[in-house]
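In structure tokens below, several structures.
Below are two complexes that have chain A in common, paired first with chain B and then with chain C.
After this line comes the complex of A and B, so read on.
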């Protein structure tokens, strides 16, 4: 769909209110979903909860192929389908729900910059560990990714995905990195986030923004997911303000509404 | 500053043109940072050598170690106590990382597209430049291999779905890039540099990414016209060029009018020289019936030599 058409559609949808039947699709929670997809999905859920927009989570084995961009997660609202956090933020904004309206231009620039930092470092590191670390790929990523399919399709799809991610890593210059260097990058990223957060409750003081949702989605998922080694979670645990930030958002947006 | 470092540092990078010390973004980042931090680098352009194919550019060679990628090189320079970020607070250091990530994610795909994938720019600017700086037969190889790398990088990082097509991502990467330029413009405001009164590594990165886009004469680029509307960002680039790169500029290309004047002058001198030569040869011929081909003066005017260097 072209940009103009997208803009037109989002104009049209602006008039309609948020329906009760809005659904978020992700891969199977227990057996299939991988760390990076789980983090992105949690970020979108956190964002929608912060906006106070109800959404039902649906798990589908073929969620990746249902998504218009091939990326997890995507939401279906009425007759519209939108994938990934950035477009979803724009979509909700068109409907009159926004978390970043109170920010000035400089703060908005800063928010976007930190969001790209998370995408550039944390998300890439998650992908690297999942698919380029041989132990993790063999023990966790490939079996989980292909769990809904039977042999030989399972093998074909898993190796195809791995090949795809490795090509991407080579293209951005991460192909030659060692696991240790990737952990070091994660540490640096967390250090920057921790510095930026300081002692504030949220990144932009009192009100949560989409940046808070994104950071929460990634950090919380890394902290609560078991991998072949605990090194990744350990790196985050050394920043106490990030830990309490995660706990705060979990309590405020996920615990009281879990009924 | 700390100029008494033991090992000499050599930087291999693409050479300059369009009024810039290098036309290559990553090389420009390192060059700018070196100026900001006071590091003395021996710059050796890879132009016209076989390194245009084999070398990874930019590359810093210091003693036995060779470093690639701007981030690695900047880290190395910081460890050598050439630190332009010394006065930044931890929070500003974090901001630096975030904005560099913003540049990488939002601006780089569009820059690669503008220079290497856009057919008109590639055919009229990028390919001729890189081909003319590569020795035969590499001139057939180097530009297209760069273009392929650029295209596959865009598709792999921004492409959607298993079957990637460039036309589907173009709109998105350009709107991302324009947004990124706007955000940088807001962040810079009316200041000279991003943090305080002296330039830091973030300034080096922004300058490196934006200066080629600003200075190249591209036949088609909506991104360039967008950039030229952001006065504070263009002022930022001009300021860095004027303050840090004006004196030791390898060959500052004069503005168009001056070039024409210089060419005209050269032509006149050439014509004069020719006619002198013909006259003298005529005289020689007349005075001596035998052929004595001693040419009077192969290079009679030193002024013409000075002018002919850019040509």
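After this line comes the complex of A and C, so read on.
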């Protein structure tokens, strides 16, 4: 579809109300999904719950390939398919649901900056630990990623993904980092978030925004996922206000969810 | 119309017949001489003492012994000539000689009998390496195709072929090794390694297949059998952002490891415009028991009858059918299902545009049947008779078919009922052109009938090119 046609279709769909059958797709929860994907998916689920928009979660082994951008998660709303938190926020905004309307321009810019920080630091650190750390890659990431497929396809896909991620890490300059340095970066990122949060219930005023959803998604997943070492979770636990932040959001929006 | 993106993964047939030996060329033994001389020649007893082959380079002699051994049994001169001719055809079908000439002479030398004959085959071997380069343009894509062939690689009619296609959208390549059994050319082994990409706009699907296969052909009586194992890594993706969700759900990777068996009985006198004979081809494929993700049993049958009528016209009836039975409780994959419609099957409908669909994308079906009744006649007033005009035929056709999904829990009666309701059919007339011995071009005027909601029709003029037609 041309750009004009796409804009027209999204204008049309913006007028439609949010359907009951909206579905979020992610890889298989028990056997397949990895830390980074689980964090992104939880962030989107938290955001949609904060907006009070109902969404069902469906697990598919080929969710990554179904996604139009190749990234998890993606939601199917009516005829539209949107992937990743950024575009999903835009999409819900077009439908009239937004969490950041109450912010002024300065705060909005600050929110975007912090979201970039989380994406560049936390998400990249998660990817690094999953795929560039040999122990984690061999014990957890490769077996989980390739679990729905049979041999030899499982090996081919797992190594292909590992090669891709490592190449990306080299391109952004993380290839030369050691695990210790990555943990340090995560600590610094958490420190910045902890300082910004302070004693407030949410990052901006008393209302949650998409930044809260994103931070919750990543921190909660890191705290509750079993990795080869507990170092990453320990670093986060040292910031108590972030811990209580996660607990607060979990109780407020996920209390019916069994984790 | 665009390039023909084959859904089947077999490379274009490049068996030993591609030196241009057309079965239509197989003339009966030459009507040698006039009556009077024939009597004398037939009565004269001869003994074939030596059969030589000259001009061999890398070909091993033990391979050829089988082909020429029959010449020794000739009893008289006419017989010698007939058997020598047959031996020449057999040598040519191996695909390793560019030319074979036969020389029959009286034998000379110390052990020469008074009625002894020497038969000499003078052969010219093909070159060790032949290459070809083509450019193809079609359907918003251009591509460059490079072919390399090593015939008679190790001296016993083995053939190694490599084909590489580099296009603006996709790249495909294939490597194939063919080895016949010495003495029994019809029993042969083929090993393939390939990567093929295809785009299917009727389903908004693109498919990349990387795989290998091993295939054994052998004749048994009048039937020809093929046993094949194939392992394919399939990658499916959406062709456009606007693909329907049903097709999006099929995206991803899967591995198919399948054993298949084909039996065919072909008594037609030609593959493209047969005058007589029947064809029966039955194919079964079982996937999943030798590894892989895909698990199904697939049956496919093809039947064709031909009969000559008055004034050089031919009546041809054909029937196709197939069924896909998914095993192991998983649903079937879009890449394994059957498709129907288009200029090569039920004419008058869009390409593969019959049957279950979702938002305009055709998903294929698990069971189908299709039938056709054709009347072929030579062109009216027979222009260019004996030459170019013989490549054309006019034909009048009646096609019908149905494609659907079956509930395998119900009995066979319910299945037949489901296949018999909502039959699509069409009739029309057109001109057919034969290309070589493999392909066919058609230009038809079609009237589709029995159109169900969701089918895409192509009424009026429809053009088709392909290898296998209903």
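To be clear about the criterion, the second predicted complex is superposed on the first by the 248 of 259 C-alpha atoms of A that agree within 3 Å, B and C clash if a C-alpha of one lies under 4 Å from a C-alpha of the other, contacts with A are read in each partner's own complex, and residues count from 1 in each chain.
Rule of thumb we're sticking to: contacts are C-beta pairs under 8 Å (C-beta built on N, C-alpha and C of every residue); 3 or more make two chains touch, one makes a residue touch a chain.
For clarity, every value in this text was computed on a predicted model and none was experimentally measured.
A.B. asks: Check whether A:195 is in contact with chain B, with chain C, with both or with neither, and answer first, second, both or neither.
C.D. replies: It touches chain B, and chain C stays clear.
A.B. asks: Looking at the overlay, does A:151 come into contact with chain B only (first), chain C only (second), both, or neither?
C.D. replies: A:151: touches chain C, not chain B.
A.B. asks: Does the superposition put A:81 against chain B (first), chain C (second), both, or neither?
C.D. replies: In the superposition, A:81 touches chain C alone.
A.B. asks: Give one of first, second, both or neither to describe whether A:61 is in contact with chain B, with chain C, with both, or with none.
C.D. replies: So A:61 only meets chain C here.
A.B. asks: Which chain makes contact with more of the residues of chain A, chain B or else chain C?
C.D. replies: Greater contact footprint in residues on chain A: B.
A.B. asks: Could you tell me if A:159 is touching chain B, chain C, both of them or neither one (first, second, both, neither)?
C.D. replies: A:159: touches no partner chain.
A.B. asks: Looking at the overlay, what does A:171 touch: chain B (first), chain C (second), both, or neither?
C.D. replies: Touch status of A:171: first partner only.
A.B. asks: In the overlay, answer first, second, both or neither for which of chain B and chain C A:70 touches.
C.D. replies: first
A.B. asks: Can you list the residues of chain A that touch chain B in one structure and chain C in the other?
C.D. replies: Shared contact residues on chain A (touching chain B in one complex, chain C in the other): 68.
A.B. asks: If you look only at chain A, which of its residues touch chain B in the complex?
C.D. replies: My answer: residues 2-3, 68-71, 105-106, 108-110, 112-114, 116-117, 119-121, 164, 167-168, 171-173, 188-189, 191-193, 195-196, 198.
A.B. asks: Spell out the part of chain A that touches chain C in their complex, as residue ranges.
C.D. replies: 1, 6, 60-62, 64-66, 68, 76, 81, 149-153, 156-157
A.B. asks: Tell me, which parts of chain C touch chain A in their complex?
C.D. replies: Checking each residue of chain C against chain A gives 233, 236-238, 240-242, 245, 248-249, 251-255, 291-293.
A.B. asks: Which positions of chain B touch chain A when the two form their complex?
C.D. replies: Checking each residue of chain B against chain A gives 69, 90-91, 93-95, 97-99, 101-102, 104-106, 149, 152-153, 156-157, 160-162, 171-172, 175, 179, 183-184, 186-187, 189.
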